[in-house]
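In the two assemblies presented below, chain A is common to both, partnered first by chain B and then by chain C.
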Partner chain A sequence: MQSGLLPTIAHRLAVLAYVVFALFPLFWLLKVSVTPNDLLYSEGVRMWPSATTFEHYAHVLRHSAFPTFFKNSVIVSGSTAVIVTLLASLSGYALSRFSFRSKYWIVALMLLTQMFPLVMLVAPIFKILSPLGLTNSLTGLVIVYSAFNVPFATFLMQSFFDGIPKDLEEAAMIDGATRFTAFRQIILPLTLPGIAATLGFVFTAAWSELLFALMLINGNDAATFPVGLLTFVSKFSVDFGQMMAAGILALIPAGFFFLLIQRYLVQGLTAGAVKG
Partner chain B sequence: MASISIKNLKKAYGTFSVLHGVDLDIADGEFVVLVGPSGCGKSTLLRMIAGLEGVTEGEIQIDGARVNDRHPKDRDIAMVFQSYALYPHMTVAENMSYSLRLRKVAKDVAARAVTAASQKLGLEPFLARRPKALSGGQRQRVAMGRAIVRQPKAFLFDEPLSNLDARLREQMRAEIKKMHADLKATSIYVTHDQIEAMTLADRIVAMHGGVVQQVGSPLDLYDRPANLFVAGFIGSPGMNFLEGRAEKDGIRLRDESFMAMGDVPEHLLGQQVTLGIRPEHVVLDAHGQGMPAHLDLVEPTGFGIILHLTLNGLPLKVFTLDRAVLQAGPMVAVTLAQEHLHLFGPDGSRIGGTSDPAAAA
Partner chain C sequence: MSLAGTMGGHTRKPWLKRLADTSEPYLYSAPSLILIVTVMLVPLALGISYAFRDIQLLNPFSGGFIGLDHFRALGEDTAFYRALKNTLWWTGASVFLQFTFGLILALLLDKPFWGRGVVQALVFLPWAVPSFLAGLNWAWLFNPVIGPLPHWFFALGLIDQPTNLLSDPHYAMWGPILANVWWGIPFFAITLLAALQAIPRDLYEAASIDGATGLQRFTSITLPFLAPTIAITVLLRTVWISNFADLIVVMTGGGPADRTQIVASYIFTQAFRRLDFGYASAIALVLLALLMAYSMLIILLRQSLLSKD
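So, the complex of A and B:
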């Protein structure tokens, strides 16, 4: 399609403006993390400090509890993502393919869980987890995160399953597969983009969750990284340099994770399954 | 190969009834076509035979054994879907051998079966390709190949050709027929295309509204349709219908014109009846003898010509091979070949053997 020069330029400019707007905070994170402490307040607002340093990174890695936070976060987010995706695949498949008596109510109930502000639920959840010994533990966090993410992830997976023609598993069943074999060998491989998207969504949600982590965990041993970031805020000062350095480090696994799954995110595997 | 027997089969979704008791016996090696408009229950019937839909009432037997509660995988039937339903993440060869792998057939045996089937279907150059790299016709062939490598008890086809263009459809139709002559496999074929039904079937099962309307050979259905539905559904262009009242020696049509017929059965006198005549049995009379009709529309198909006429205010379609009508004026003369008149009673069912010249005389 031919379009004028002006609309093209306007379009590109709009995209550019958005990209700058979205990425600027990240840039600022990076900039502060490499600014020496003595220059942070003395140089005023500059796009790049006159001198850079990696001392904040070194300090965060060597002298803070950040590696522990980091490890905890990886464990919590990773397990949450895997558990939720597993459950959501099964329940999403059920919602997509079967009709059963209480389906309407289950869907309504799952939607309902998404309507409450989480703050309301912190106290009751604490009350439930405390006698079970699940406060101040990573297991407790994984359970809570999984519970809160399963409904949305289920809807997400359901929509991916809806996009896969029913004919495929029927063909597999006629070919001699049980329903579960058809699910495993035919449907799941085709849902990889959906699974990747769900994994990514849940992983990032758990990775950046602060509220429950803050309320259910005390002490550094079981703290996740968002809670850990708060340790850089002390009563009298905020150590911005170290905080930003920790933030940059925390971005790495999330970025790496998306790099791993992006191939599935953009891939349309179902092309050619049916006439199209 | 196997025989399939269906006894008083019913299907309902809640209170919504789709099949109202179907009885059908399919002999070993027979090619049966289920035909009817969309929503007539033909696909549901097929899917029940495949085991993809549960049975509400009645019985399905394959080779004399009741299979109502058998999982599709244990029925040993193959199905070709309208959408082909090829596994997109598998190559053509893997698609074709999937059923054999599930049955844990030895690798070399499976490979031989795939080779044989792909030779038969001309798929050898594509064995390593994924379905998305194939054309519609090639995908269709893979779907057929997937069915034949298994040597199942029966083949089910669910409108397998409706996604192909006309030329390819014609070609695949002939191939399916050839394949059936070759394999002698019991086959049930669902279509809404009556040409497919006529050309492929040993026996046609015409369905409408969840009820079997007529079962018979293609020419049987064409020449002696059991009721108005079958008469109107089979044949293209479709049969002409003229409504009227039965009188002693003929039918008084809506416009008060009189259509002489042989014996009209006594019990019909004074009743509303319908006369049917196929477009090719309406004769155009070059000498101007017969009933005058107005020529509204001419549709040349190349092979023949379809004329849309108005006869005494009633629409009438005519099919003729005579190109001279293209020069005809707005008025033509027609006669209805009496020996080809079909008579349908007030309930729409066929009266007598009016297509049989001896009976009409």
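So, the complex of A and C:
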């Protein structure tokens, strides 16, 4: 498609506007996190402070509980991502390759879990986990987050499996391999981009979860990053520099994971869509 | 398609092999299903029973069956009606704006240009920002002490003095909505871009050879191809956003004076702050009933769209 100079300029300007809108809030977070306290109020709306400092980061890393929150969040999100991806590869494969009697009901059940308000479960889950000693524990969070993420991850993995020709494992099965061997040795390696995308999706979702973490966790020892940051905000609401430094730190793992997988994101979803 | 083809041979196989074949899909899906049932369906059933019981965490004498008392109280709860109205407003505005800007972004990114990969990573970045952080980040932007927005609005003459939008009862809802739009545009852009890239390119070439204008190509090729994706993502997203309380809990806590309270955040407030699990579950049950009708529609639509292919 040929296009003239004017549409091209309009296109680039529109793209630029989106980039600015997407990045500005994060830029502001970064800006305040490196602004020294004495300049914070006097240079309120300046785009960049006349002097910068890393004292907020140093303080957050050395004299606060944030490193613990960070570690807790990494443990919870990492375990959830691995467990969910494992389970979702199996169930996604089942939905992609078999046509069986209750498939319709399984799909309906999984869609249902995507649609009812999870906030409904806050109270009952608390009541169930409490006598089991799973409140105020990272294990409890991992179990809850895994269940919440399995349905979507299953659909995602299904779309990746759908993009792989069935002849591949059928050929292996004619050669005498069991289906499970064919699945492990032929199909799974081909879905590595899908596995990476699912891991990233689930890690990010678990990293961001707030309401259940607030309800199930109290006290600093098992607090995840969102809980820790919100507690910090309500307690020391004037330490803006430190809060934003902590915010930037919370952004790092999720942003990193995202940049790794975002290339596969559109590709993977396209693969799912192309199959039709 | 080819799945149906493999079914024909079943009757001639020995029964043990047949049993192994029929149980195979269940073995693959069992771990996921067990987890979903124990952690989601059992609490769901329990939550429904709470709606008819007096359950307050801090009151050791609570727990009795009280029938429809919660629902009678709910009928007279003006905060609940306000939350319902706010939910419609919050969901409608967020979905409409996210979808519109998401579609425009997908169309912009569908054209090849220099540096597209980098731009794509940058504009999708808000999607990776944890929701609590997105909420805090926007709350800070609206804060006149450290944020630029009140000063810009003031300079543009939109407000009389640089105050916090989030504490203005009339406009506070726009704060979480704006944060939600910022955060949700990438979701629509990603899904729509994937669908756009699946449209065969030769269709466009054929259309331009036949002399179709850009607008004609958009309405007669792009839109029909996107329609199923648009329908499903908008419907699913509507349900999801109406339940999405994180931004509101973080940014306003439902205030000022319940002006930004949606049903989902109201449920959370009842459970988390007042520890009144019974009343929270009763509100949740009403919300569930409302969403159920809507969800049935989506399941039917999904089935009919899938069987058409």
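Quick note on the criterion: the second predicted complex is superposed on the first by the 250 of 276 C-alpha atoms of A that agree within 3 Å, B and C clash if a C-alpha of one lies under 4 Å from a C-alpha of the other, contacts with A are read in each partner's own complex, and residues count from 1 in each chain.
Here, contacts are C-beta pairs under 8 Å (C-beta built on N, C-alpha and C of every residue); 3 or more make two chains touch, one makes a residue touch a chain.
Predicted model, so just to flag it, every value in this text is computed and none were measured.
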Next on the checklist: By the touch definition at the top of the document, which applies to A:184: first (chain B), second (chain C), both, or neither?
Outcome noted: neither
Item to check | If touched residues of chain A are counted for chain B and for chain C, the larger one | outcome: C
Checklist entry - Just chain B (first), just chain C (second), both, or neither: which does A:71 touch? => result neither
Checklist entry - For A:207, is the partner it touches chain B (first), chain C (second), both, or none of the two (neither)? => result second
Next on the checklist: Touch test for A:172: chain B only (first), chain C only (second), both, or neither?
Outcome noted: first
Item to check | Which superposed partner A:127 touches (first chain B, second chain C, both, neither) | outcome: second
Checklist entry - For chain A, which residues belong to both interfaces, chain B and chain C? => result 269-270, 272-274
Checklist entry - If you look only at chain B, which of its residues touch chain A in the complex? => result 50-52, 71-73, 75, 77-79, 81-89, 98-99, 102-103, 130-134, 136, 139, 146, 150, 163
Checklist entry - Which bits of chain A are touching chain C when the two form their complex? => result 1, 11-12, 14-15, 18-19, 21-23, 25-26, 28-29, 32, 40-41, 44-45, 87-88, 90-91, 93-95, 97-100, 102-104, 106, 108-128, 143-144, 146-148, 150-151, 154, 166, 179, 204, 207-208, 210-211, 214-215, 225-226, 229-230, 233, 240, 243-244, 247, 250-251, 254-255, 257-259, 262-263, 265-266, 269-270, 272-274, 276
Item to check | Footprint of chain B on chain A - complex, ascending | outcome: 165, 167-168, 170-178, 181, 186, 189-190, 269-275
Checklist outcome for this item: Seen from chain C, its contact residues with chain A in the complex are 2-4, 7, 22, 24-26, 28-29, 31-33, 35-36, 38-40, 42-44, 46-47, 50, 55, 104-105, 108-109, 111, 113, 117, 119-134, 136-138, 140-141, 145-148, 151-152, 182, 185-186, 190-191, 193-195, 197-198, 204, 208, 229, 236, 239-240, 243, 245-246, 249-250, 264, 267-268, 271-272, 277, 280-281, 284-285, 287-288, 291-292, 295, 298-299, 302-303, 309
